[in-house]
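Below: the structure, in C-alpha cells.
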Amino acid sequence: MSPQHGSQPIQHQFNPYSDNGGTLLGIAGEDFAILASDTRQSVDYSINTRLSHKIKVISPPVTKEMKLESTDIVGTKNSVLFGTNGFSADGDALTKAFEENWKWYVHDQNSNVETGFEFLNENNEEKESFMSMQSAARNVQHLLYGKRFFPYYVHTILAGLDEEGKGCVYSFDPVGSYEREQCRVGGAGASLIMPFLDNQVNFKNQYIPGTNSTERRKIEYLSLDECLKLVKDAFTSVTERHITVGDGLEIFIIDKNGVRSEYHALKKD
Amino acid sequence: MSQQDPSTINGGIVVAMTGKDCVAIACDLRLGSQSLGVANNFEKIHQYGKVFIGFTGLATDALTLSADLKYKHNLYKLKENRGIQPEVFANLISSTLYEKRFGPYFSTPVVAGLSEKTGEPYVAGFDCIGCIDAARDFIVAGTASDQLFGMCEALYEPNLESEDLFETISQALLNAADRDAISGWGAAVYMITKDKVTKTYLKTRQD
Amino acid sequence: MNHDPYSWGRPSDAMYGQYNNAIANAPNTLEHHSSGSNFNENTTRPIVTGTSVIAIKYKTGVVIAADNLASYGSLLRFQGIERLHKVGKTTVVGISGDVSDMQHLLTILDQLEMENNYDNDEYSDNVDELQPSYIFEYLANLMYHRRSKMNPLWNALIVSGVDSKTGKPFLEYVNLLGVKYASPSIATGFGSHLAIPLLRKLADSEEEAAELTLEQAKKGIKDSMKVLFYRDTRSSKNYSLAVIDKDTGIAYDNNVDVEDMSWKFAKDITGYGTQRV
C-alpha cells in the first residue's frame, strides 16, 4: 500500500541531535594541567561561528591578591576546567548542569555550622573547602548516566589539579564511562591526534638508542612549555586535515597560581 | 554480517613519504577477518622493477590488482625494453582502476619510487576508482588512515635524509597502527635511495 | 458550503486545485480524524514557513532583516507577515521556520514583556528591564527544553539588540535543536549560504565589526537581501529592516523593497547554469 493513502502514516522522526564538529584536548603535567579546544562551531559544511567556547572555567571567586600576582588569571587553583565536544546544545546543557551542582556542593561544604553546634568544628577551622577533581568526575558520571536512554551526545574532558596538587585529566564517553588519564583527545580530530599524543606524551614505540629496541624510553613528565608546543602542533596538524577544526585555538592552563588562558589563531579555511 | 564494508574487512595500512633523494614506503603485516587475526605475514607492498606499490583494502582485490599490474608491467617491459617510471605506473593504476568504475576493486593503492631521469622522489595515492593524489609530502591509506594523517601531518618535514625519514615513517606507522584494532601485527619499511633499497621489519605490539 | 472545519480558511480546491499530500509528505488530516486516538500532535515538520533572517553587528548596534512572506510549500500564502519583533526597549527577535510556532513564541514573548512592565511601573521595585541577553537566554532554554521533550518549536531565531546599560551590541542565534552561537554576522536558512559570505567580507571578527559603520552594515544587509531574492525561491521582494542602535534606539521599517535589481544574468542561465548552449 502506498504510504500516501494514510492507512499507514509515514513515520517522520524528529532528529534531536546534530554534529557541531571541533576537537578538545587535555594533557596532565606533574603540577599543571592543560585543556584546549578549537573555537569553530559548525554544522554540515557551514561554519556557524569562528569563536565559540567549548571550555568553561568553573572557579571559586578570584581574589584581588591573585589578580595582583598576575593580571591574566581567570580562575583559582581549585577550578575545574570543563570541556565538552560533540552536539553543542547538549554540551552547553551539561556544562550548566555541572556548574549548578558544583556551586551547591561548594556552598554546602562551606556553609556555617548551625549556632550551638560549633563544637562539631573541633579545630575551629576557617579553611575553605572546594570540590575535588575526583568528586567532580563522579558527579559528571551521574549527570551523563542520568540520561542513559536519551544521552548527551558529547565527549567530555575535565582538567584540574588533584588533592596532591598534581595535574589530572578525566575523560568521559557520552553515557558516563570515565577514566583518569595523562592525556586525551575528544571530538572530530580524536583519531588524528590521539596516536600523536601516545607517541609524544607517553613515549609509545620509543626505545633507547643502541639497545636494539629492548629498552623502552622511560616515561617522564613533560614541562609546561613542551606540552604547549605539542598542543599547538596537534591543532595546526588537525586543522590542516579536518574540515570541522580551525579558526582559533583556546588553551587553558591550571597550576598552583590559578588558571590562565591563551588564544592562537588557526587557519580559517 | 550480511552487509559490511569490503574495505574494512581485512584491515591494514600503508604509508609513503618523500625525503631528500629518497623515498620510503611502509605497511603493517596483519591480515584479518573482522576482529579475528588470520595472518601476521601479509605483506602489502609489492615491487615492480624499481617501483613499489602498497595495497590496502580488501585483500582478495589487492592480490588480484597486484597480479594484473604485474602482468601489465611485464608487457610494458617487453614492449619498451626498459623499466617503468613511477609516474607512468601511477597513470597505469589509475586507468586500471577506472575501468572498473561501476564495480570497483575495493583497494586503495599507494605508489612510491624515484624518477629515473631526475632522481626526484615520487609518491602517489588513489581512491578505489583511480583518482590520483600525487602529493609532494606523504600518502596514507588503509583502515587507520585518519591516525596516519594525524601522525604524518605532525611528524613530517620535507627533505629528510634517509635515516631520519626512516625514523619518521616508522613512528608514524607504528603509533597509527596501535590506535587501530585491525592494523598492526608486524610492520615492514622500504627505504628507496638512488643506489640501494633496504627493507626493515619493525618490532611492534602483538595485540 | 464545506462543513468540515478542517477545510475552513484553507486554500479552496476550486481556486488552487486538489491539494497534493505527497508534497512535503503532508498528512491527510481528514483521514487522521477517523483514525481517532493517539496520533502525534507534535510539530514534526514545518507547514507555513518564513525563510532566512540575516543580521550583522556594527560599531554601535545591529542591523537585522527578514522578508514579510509566509510560504505554504511553494505557495506564497501570506504576504504581510512580519518576522522581526520588538521585545522590550532594545531587542529585536527575528524568526524563521514554522509561522505558527513563531506566533506561539510571540505570545510567550508578549507575556514576558508584560510581566516585566508590571515589575517596572511606579508602584513596584524597579527590576531589570529586559536586555537582549535575557531574552536570548530565555528563548534558548525554551528551545532546548522543547527539543528535549521531542516536541520542538520548528524555528531558527536571531536575537539582536544592544544592552541598554553597557551599550554593547548583542547578536546570538538559537534553533529548534537548542544549538546556539554568537557571531559578528548571523543568518538562518538559505541566508547562511548566500548572505554570510557577503557579511563576513564586511566583518569576520568582533574587532572588525566594532569598526563597521551603520551605512556599511545597512548596505551589506540590503545587498544580501537582494541576493537572497535573486536565488531563494521562497523569498520576497518586500522585507522588514530593523536597526538597533545604542544611541538612537530601534528604527524599524516593515516595508522595504529590494532595489536596483539586475536580472540580466538570468537570460544566460540554462540548465544548472554551467552549460553555454
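As written, the chain order gives the labels A, B and C, with residue 1 at the start of each chain.
Just so we're on the same page, contacts are C-beta pairs under 8 Å (C-beta built on N, C-alpha and C of every residue); 3 or more make two chains touch, one makes a residue touch a chain.
Since the model is a prediction, treat every value here as computed from it, not as a measurement.
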Per-chain Cα centre nearest the global Cα centre, belonging to chain: A
Centroid comparison with chain B (C-alpha atoms), farthest chain: C
Best-connected chain pair, where connection means C-beta pairs in contact: A-C
Cα-centroid distance, chain A relative to chain C, in whole angstrom: 34
Separation of mean Cα positions, chain C and chain B [Å, integer]: 52
Contacting residues of chain B [partner chain A, same complex]: 146-147, 149-151, 153-155, 171, 174-176, 178-179, 203
Chain A-facing residues of chain C, complex: 21-22, 25, 27-28, 31-32, 35, 39, 42, 44-45, 144, 147-148, 150, 152, 173, 177-183, 192-193, 196, 204-206
Residues of chain A defined as touching chain B within the complex: 189, 191-196, 198-199, 204-206, 213, 233-234, 237-238, 240-241
Residues on chain A engaged by chain C in the complex (per definition of touch): 4-6, 9-10, 12-14, 16-18, 20, 41, 43, 46, 48-52, 87-89, 92-93, 150, 268
